[in-house]
Structure formats: C-alpha cells, structure tokens
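The structures come next, written out as structure tokens.
After this come two complexes, each holding chain A, first together with chain B and then together with chain C.
This part shows the complex of A and B:
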C-alpha cells in the first residue's frame, strides 16, 4: 500500500515537474511565434502576392512574379552589388583595424592599457543613430569638422567636398563610418583571443630564432583563427543586412550609389508602399545569407 | 497585521479596477504629431502656448505634442498605420494628402468642414490641396509660396541693382556674382544654388517651379487617366538651364551636387551662395543671423510663365484616433483667426485670407508681402501619390549634373518614367 502510494506520488511529481518545465517555456514560445515565426511566414506568403497599400482592393496572387521582377530590376542588381562592396569593404577594414589595435593593446610595452581599452570601446557603445548623425554632421561640406580640419592643415580645396553626397566618395565614406563604429568589437574579441595564446610558445619561437613576423604568422594568426572566423562570419551577416548606418547617412543616395538591399527594401515598402515586392526582397536576402554565410556559420559554430 | 495587509490589498484592487478607469475617462489625451520644434522656432513656441491655452479652456483635455522632422513624420505615420494606430492630429505636407487618404491614415472630414463657419476664410486653392478624390482630409494651416532669396550685399559688391526676372537674367546675374575674390582661380561665391539630393523634399519642389515656368504641368488628367503635363522639350529646358549654369557658366559650383536644404541654407547664410529658391521660414533665420539684414526676396526667375510653388500644409485627424470629436474641436480652435495669427508670424505664413490681410503681413515687405504677392502665380502639386516621380526627377537631375546623361537623355527618361508611373494610377 505504502509502496503504491509512493509510486503514485513519484509519478505525480514527475508529471507535475515535467509540466512545470514545459510551462516555463510557454512565454518564450508564444513570443517566438508572435515576433519571429508569424512575421516570417507572413513575409514569405506576402512575397507571392501583388500587394500594394495604395490599391488595397487589387491584391492578387502572382506566384514568383515579384522574384522575377526583382531579378530583372537594375536597381536591385545595383543594390546587391553595393551590399557586397559595403560588406566586403567594411569587414576587411574592420578586421584589419581591429587586429592592429588589439595587437597594440596586447603589447606589454603599452602603459595604461586598460584605459586605452576602455577608450577604444567608445565608438561601439555609442548608439548607431547618434554615431551616424554625428558623422553626417562632421562630414558635411563647408562647415563639417572634417573638412574644416583638412582645410586648416593645408588642403583648402577639400573644404567643399561633399563626402556623403558625391557619387565618387559616398560609398568609401559610409564604409569608413561603419568601420569606425564596428572595429572596437573586433578589438575586444581578438584581445580575448590573443590572451589565450600561451606565452611560452613565443618564448620557444624566440629561442629557435624566429622573427617577430614569423611569430605573428605561425603563432598569433593560428591562435586567433577560431575567434576570427566567428566574428568575421557574424559581421558579414550583420553588415549585409545593415540598414541604419546607410539610411541615416545617405538614404541610399546619391544616385543610388550607396543603395543596399535593406534600404531598397525599405524604400519599396514605406516610400512606394509595394509590400509584396519588398517582402520578396527580404525573403531573397534571407535565402542568400542562409545558403552562403549560414553554412559557414554552422561550420564555425561546430568548430568552436 | 495580516488583516491590515489584506484590507490594503482589497482597497488597492478596487481603486485600480473601478476608480482609475473613471479618472482616465475624464481625461482625454490627444496625440499631436508635427514638425513645430519649440527649441528652434518662435512660431512653434507660440503653437505650444496655444495648446496650453486650449488645455486651460478644456480641463478634461491633455495635449501630447510630439515634434519630428517631415521625413520622420511620414515614415512614422505609415508604419503606425500598418499597426492600426496613429496620432489624433497629424501635420502634413500637402503632397501627402493623396497617399495618406488612400492608405487610410487620415480621416475624411468633409462633412465637418462643410458645416464649419470659418471655411470660407480659406482660399479655394488651399482647400484643393487638402482634398483627394473629391473629399476633404484636413484643414490647410500654412500657405506659403517660394521666392528667390538673395544676398543684397553680394549684389552691391558686383554692382547689380535688381534681382533677375527671367532665366536669361538669372544666368547673367549668377555669372557676375560668381567671382574669384582671393585669386585662387575659383569662384568664392556660388551665383546660384539649389537642392539636388534624392533625399531632400525641397529638391523636387525647386525643380517643379522651373518646370512650371516653362508653361508645363507635372501631371494632368484626361479622360479620367493621369498623364504627364509636360513635353520632353520643356523638361529638357530645365535640365539644360541647370547644366549650363554649372558646366558652361561655372556660376553654380560642382560641389553643390547632392546638397540638402540644410547645406543650401547654411551656405546662403554665410555668403557662399548669393541666390536660391527659398521660403518665408528664412525670416526666422534672418533674425538670428549676422548677415540677415542683407537678405532680400523677389519672384523666382521664369522662362515663359511666372510660377512658384504654393506650399500648403495640412492638419488632419488620424483615422485611428479614438477621440475624433475632440481632435476636431482642437483643430477648429487652432485654425481660428486669432490662434493662426499667433503661430504664423516668423517662419510660417497663414492660410486664412483674413489673417493674411492683417497689417503685420502687409507691412513686412521682405518676408511677408513679397511671398503673398506671389500667391496668384502659386501652383500646387496634383493630389495623387507622386513619391516615385519626385525621386525620378532628382535622379535624372543628378545624372545631368554628373554628366552621366545629357539633358536630352534625362528629359526623355524622366518623361518615360513619369508616363509609365502615372499609367499605373487607378
């Protein structure tokens, strides 16, 4: 009798605890459905429809029509090209600047290292909107700080250069601002990676007569390979889908020279109200990233 | 102790459930979205004071004033509408009325306006801007033309007595103004400048003034369908004028390509631009600027027909507002003669005829009278969604200025794009 009661109690508490465990998951599951799954499924469905907010009674299922129109659009092709240039340019320079600053801050010869590490983080902790608007002001022609500075140090002809409004300089300028904003993340992450490399490896290499460069190539780079892969893959994704930096700096202009897929998508959705077409771009972006970078990300994650 | 806690808990619950909603119901909160920034504008401070006065007169009403730029206003209204929400009162550019009414962002207030005793105080041309598909969607609050704003001190330096009247005069005067003062081989002053950013609302407006002055319209309706109201030659003349001033006369420097209105207004203020199209809001800037006493105004130079942009701003009631009656009461109060006079003195001009007739406006030669005298030449943008056409006009302009397209090619491209877009309007 007692045994049977004990068994019942045990199974009851097991059921209760299992229910409790799953119960704890309910809020996040509901949240996931509401803010992730539902919008995603809705976007995919929308991408097969001709849905224009100005013509609410003309909704029509058009299958792959939006995708065909998108791939035939010179604006979309240009946006893909610009997104690629923006992403490659940003990630390459972010990595180089981040690695350079991490190596400097990792050096034992630098005094006040912790202070400098904190200062390096500043661009990254400033909100993107504030960051972008400050740079927009500093890069403005005639009155911007950068042009005033350039004129003061002997380049008066640069006073009037419209860095963000001239088709020749707009893309390098937005890449520069994005690099300035993002490199501290690389610095801090790579610093953590550098700290993991055992110092006796460098001592052994030194005893064997290896130069600084050889130590860097054969010890430092392999030592931070794992962390480098993770941050580069993450930043490729983040930069390819980045909207705020370019939108706040140039809105995709001049002459669509900085128009990337997210800004084009936004323009189609909220300037021209072409929701079905914009949804197709969003789905395309997701699929491309999933196939290319997502694969690399999975490999990197498993490597980690 | 336990009993006291329980008692307090029950009383709190009763208060939350029954008393608080009653108190909340007694207080109507009106969300107002506009671009009137009290930090920078005297008129905006007057408007905020009008809100406070309205709250004093109507103790149950609280007005939450949200100020944002026009670009943000438009974006926020569209996004909020998608979520089924929005402000109670929304300030808009006139060219948004067609889009916002079609999107269901703003309320049809035709019946309220028809029964409003002040309706006849507003010129018919301003009501036309607030109307789409024959229905009225707001009250015109500000009506201002565009003028040629110029620096009299720079004119006097090169011996010019009168502002230009025609395009031909404009080219001549701009050339004389673009002189090299410091001997570095480059003109230190832009004789003329304009907005050409694809992002700036003023770029398409300035472009339209030039197009209208060729005798053209942007779009006209024939047999119920919208078609371009201009010819390829007319729009080519506009692109050709701006191309010639930049690349032939060198009176418009290349560095102005992609300028937004902030760039233009700042350059005018410091004297690196001598002439530009601008609005009566520059009066506010003139009062703060060290050079403001030298600023003058005249009609925008024309090719065949004097023309200017009649900018009408509209106050609408949000379609998702839960307080439409209160929103109308607020709007009709703000648009009364006395209130409108209070907030249209420095960087805005009134839309009401009886306010325009007041001595304050008739005696201020530079910043009021000139602009009011241009009203007969004022033209409004057709009440149809035109965002794509505006973007296209600036992209072709930039292509011309960067020599990526000839004025002929740009004109043909703009005509074709406009015709194709208009044909999609139902």
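This part shows the complex of A and C:
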C-alpha cells in the first residue's frame, strides 16, 4: 500500500513535468554550445579557409590548402618534432619523479603524510606565470641560484651558462621546469593508487621469501597500472597542447629550438593574423591526439 | 638486533629522500619569497646566502606604488569570482538533473561534455578571438569570464555530477512523495547535501581562473584591465631584471591561491584523485 503510493507519487511528479526537467539542462547546454561546441566547429571550418584578419575581404575557401602549406613548412615539421620531444621527455620524467616521490610518501615511516602531500602539490597549484618567473630567475647566468650552486660544488665552468637561452640546453631546461611543475599530480594520484593495494599481499610475499624488489615488481607495479594509464594519457594530452610553459620560458626560442605546435600556432594567429592557417594547426593537434590516445582517453574512469 | 638496525637505516634513508623531495619542490618558493625581502644590492651579489643583511618591504611598496599591482589584483579577484559564479549557475542544475532525474539522452550529453575536456585551449582560442571581436567583447572582462568557462564547465560538471551521484536517490524520492517539486528537491535536498562537494568544485574553478595566462594574454590589451598573471609578465618586460620587484609581485600573485589551497587541500586532493583511482 505504502509502496504503491510512493511509486505513484514519484512517477506522477516526475512524469508531470517532463519538459520542466529538461529545463535544468538549459544553462549548461547554452553555455557549452556558446563557448565550446560552436567555436570548435567554427575552427574546423576555418581551417579550410584562407582567413587573414588584416585582409578581411580576402576570405576564400581553399580546401586542404592550409594543411598542405603546413606539412610543407619546415617550421611546422620542426615544431612537431619539438612537441614530441617535449611531450615524451616531460611525461617519462614526470612519471619517474612522481612514482619515486609517491613511494617515499607512502613509506610507513612517514608521519604527517597529508602535510607533505600538500607541500608537494604546490608547484602544480601555483600559476605557471609565477613558476616560470621563479625558474627564469633561478636559472639565470652568473647570479642565478642554480648556476651559483653548481659553481660552488665544483662546476665553475657552468656559472655563466644561460640554460634557457642556449640552443643546446633550452629544450632540456624547459622539460625540467615542466617536470617540476607537473610531477606532483602523478605523486598524489599514484599515492592514492598505492593506498588501495591490500597490505596482506605484501605480507604474503614476504612470508614466501620475496625481496622488496620482487614485491615492487610483482605487487606494486601491477597494482598501480590502472592509475598510471589514466595519468599518463591525461598528461600526454595536456603536455602536447600546452602553450603557457614554453611561451613564458623561451617564447619558442632560441632559434626555434623549443618551438612547439601550440606556440607556432599562437605566433601565426596573433603575430601574423593567419587565422585559417593557425586553425589548421589546432585541428592537426586534435587529430594527432585522437589517433594516438583517443581510445585510451574515452576508456578512462570518468566516462564510465 | 640486526633487524632493528636495518629498520633504523631504512627510516633514515626514507627521511633523507623526503628532505631532498621537499627542497626540490619548496626551495624555489622559499628563494622567491626571500628575494622579495632582500635589499636590491644584495639580490645579484648575495650568492647562495639565504639570510640577507636586513629585510625590507621596499619591493612590495614599489610594485603597488609604481606598478599597477593593486589594479591587477582587483581584476583577478573580479574575473575569478565571476567565473566561479557563472560556472556554478550553469553547471549545478545540469549536474543535478543528469544525476538524479534520469532524463533520456542525458548520458550522451555528459559524454559529449567530457570529450571537450580533451579540447586544446589553443584551438578554441582562435574562434573565440574572432567571435569576441565581432561582439566587441575583446578587451573586456567578459571575454575572460566566458573563455574560462571552456575549461571550468567540463571539469566542474564532472566533479559536481559525482557529488550528486553520491546522494542516495531515496532521499529525492521521499521529497517528491512529500510533495516537493523537482526544483524544491534540488534546493532543499540536492544543494545542501552536495554543498561540501560544490564548495570544492568552486574553489577549484577559482584556482583555474586565477592561474590562466593564455586567454588573458590574448584578449586583454589595456593595462587597467589586466589580471595578475599577465600583469607580472608585462612588468617583467618593462621593469626588466628588477628581480626584487618581480619576486614581490610573484609572491602577491601566489598568496591567494596558496591560502585557498591550504584551507581546502584535503578535499581538493580527494576530488582530484577520486576520478583516476576508480579506473
């Protein structure tokens, strides 16, 4: 009796205002179309046009013209190569540093774990504009802290090196700063993953005479496989499309040694106003990501 | 006996690693803060010395007096808070409806929005610039508030939906039985129960908006409209190597994020890790 009344009332009030219930979706849907869907479609269309903001009357449909021009441009080819080096280098070292720091914080000897976890996350929370300023200062030739430190511990010839301005060191230097800024995200997610591995697995292994190294290989690594996949996929995406870090540290220099696709795109769009050409580069970024990690991305937990 | 000393060595090893980790992460911030308090002549000549001959607030005075740091600060607050309000108003009802009202087709919409989390900001930058220009919104704070929605919407939607998912649907059904409309249930049951989660979502949206550089650098060209992140980069270009002033400005830019983060860090970290660990 009671149950049937409830069902009736529920379905009654729910069915009565079907249209009204969809009303809740209106705000997010309108904003989503306005700032995401429409601009996205617009930029795909734009990539098939010759659109130059300084010559507004010269708009012209050119089919794949922008893409052909792009793939024939040595600057673009170099930017793809740099983007790949930057992304792979960053993600590999971020993972290693992230895993190492997660293992340290996960140690049973550590007290105040939450406090240290919060401190480690700081580089990730602070604006990139601040981080890049700090590191430009720390990595300055002669008076910069890093150079002074290197000189003090026995490498005086490194005192005058301009890490971010030297064609040999600029790419490793931007990767270093990017790793420093991004690894904390790996630390906290891997730490959460480590906490989910049942401790009896380790006990059983140690009773069976497994060494710490064997436990690490056969229990820890398989245990964090899922988390690792998610954060690596996310960071491949975030690093490949990242504009701020390199723009703020080197603007793509010296001599385009750190020019990546996003900074090249920005230069084309907002220094030269070649909007169609720049849009084609943006679409290219998206297509590369969709082909390489698209499937892995849609498999991540948030889609379930 | 042997075992105990092994334990001790392991403990010492772990703590040495921890100290190295904390120095690696924290020292650059400490150095920034100390430099902002150093007398100008000691910044370039002080070498590795941590403690200067005396501390001074001169650089902080300078960046507010001769720079526009106060204006940048106010603009950052206005833009970040407006972004939070807009995201909250747009996302919360949708997240509630998709989570609890079992609408047909809502799963598809949710997936579409999530797919846009992968969208490169630089790709949206170009069409947004052209569109905002058409509507005369370039060089206004509206340009920033709207463009920040491109990254706050997917993120806040994902988070707040998971908080509404966590509320047992029986509570809503009971409210309907008692004669609540869907809106009444949203206001009286949904919002109060999801409040802690929605707070975290808002804090996170605030940090994202506060930290943006790319959109602000592209859409704003009047100095009096600049936010802190672009403001300190502009100052770097015009003030050059006055590192005392630069580090003071950077400290001011960092402080609000730091305070917000330290207050809410436990919940922020839980929110961030929840999604990844489930998979």
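A few remarks follow.
The rule we apply is simple: the second predicted complex is superposed on the first by the 280 of 304 C-alpha atoms of A that agree within 3 Å, B and C clash if a C-alpha of one lies under 4 Å from a C-alpha of the other, contacts with A are read in each partner's own complex, and residues count from 1 in each chain.
Note that contacts are C-beta pairs under 8 Å (C-beta built on N, C-alpha and C of every residue); 3 or more make two chains touch, one makes a residue touch a chain.
Worth saying up front: this structure is predicted, and the values here are computed from it rather than measured.
After superposition onto chain A, the partners chain B and chain C occupy overlapping space and clash. In the overlay built on the shared chain, the residue A:251 is in contact with chain B alone; chain C does not reach it. When the two complexes are overlaid on their common chain A, residue A:141 makes contact with chain B while staying clear of chain C.
After overlaying the two complexes on the shared chain, residue contacts for A:43 are found with chain C alone; chain B is out of touch. In the superposition on chain A, A:167 contacts chain B only, with no contact to chain C. In the superposition on chain A, A:279 makes contact with chain C only, while chain B stays out of contact range.
In the superposition on chain A, contact is made by A:270 with both chain B and chain C. When chain A is checked against chain B and against chain C, the one touching more of its residues turns out to be C. By the touch criterion defined above, A:206 lies against neither chain B nor chain C after alignment on the C-alpha atoms of chain A. After superposition on chain A, the chain C segment that clashes with chain B is 130-138; the remaining candidates among 130-138, 148-156, 166-174 or 202-210 show no clashing C-alpha atoms. Where the contact sets of chain A with chain B and with chain C meet, they give residues 53, 143, 270.
Residue ranges on chain B touching chain A, taken from their complex, read 75, 78-79, 99, 102-104, 184, 197-199, 253, 255-260, 262-263, 266-267, 270, 272, 385, 387-388, 391, 395, 398-399, 402, 404, 426. Considering their complex, residues 53-56, 58, 140-143, 156, 160-162, 164-167, 250-256, 270-273 of chain A touch chain B. Here chain C touches chain A in the complex through residues 10-11, 14-15, 17-18, 21-22, 24-26, 28-29, 31-32, 35, 43-45, 47-48, 86, 89-91, 93-98, 101, 103, 106, 109, 111, 113-131, 146-147, 149-150, 153, 157-158, 173, 176-177, 180-182, 186, 207, 210-211, 213-214, 218, 228-230, 232-233, 236, 243, 246-247, 250, 253-254, 257-258, 261-262, 265-266, 269, 272-273, 275-279, going by the rule given at the top.
Chain contact summary for the complex, chain A toward chain C: residues 5-6, 9-10, 13-14, 17, 20-22, 24-25, 27-32, 34-40, 42-43, 46, 53, 100-101, 104-105, 107, 109-110, 114, 116-123, 125-131, 133-135, 137-138, 143, 145, 148-149, 152, 180, 184-185, 188-189, 191-193, 196, 226-227, 229-231, 234, 237, 240-241, 243-244, 247-248, 262, 265-266, 269-270, 275, 278-279, 282-283, 285-286, 289, 294, 297-304.
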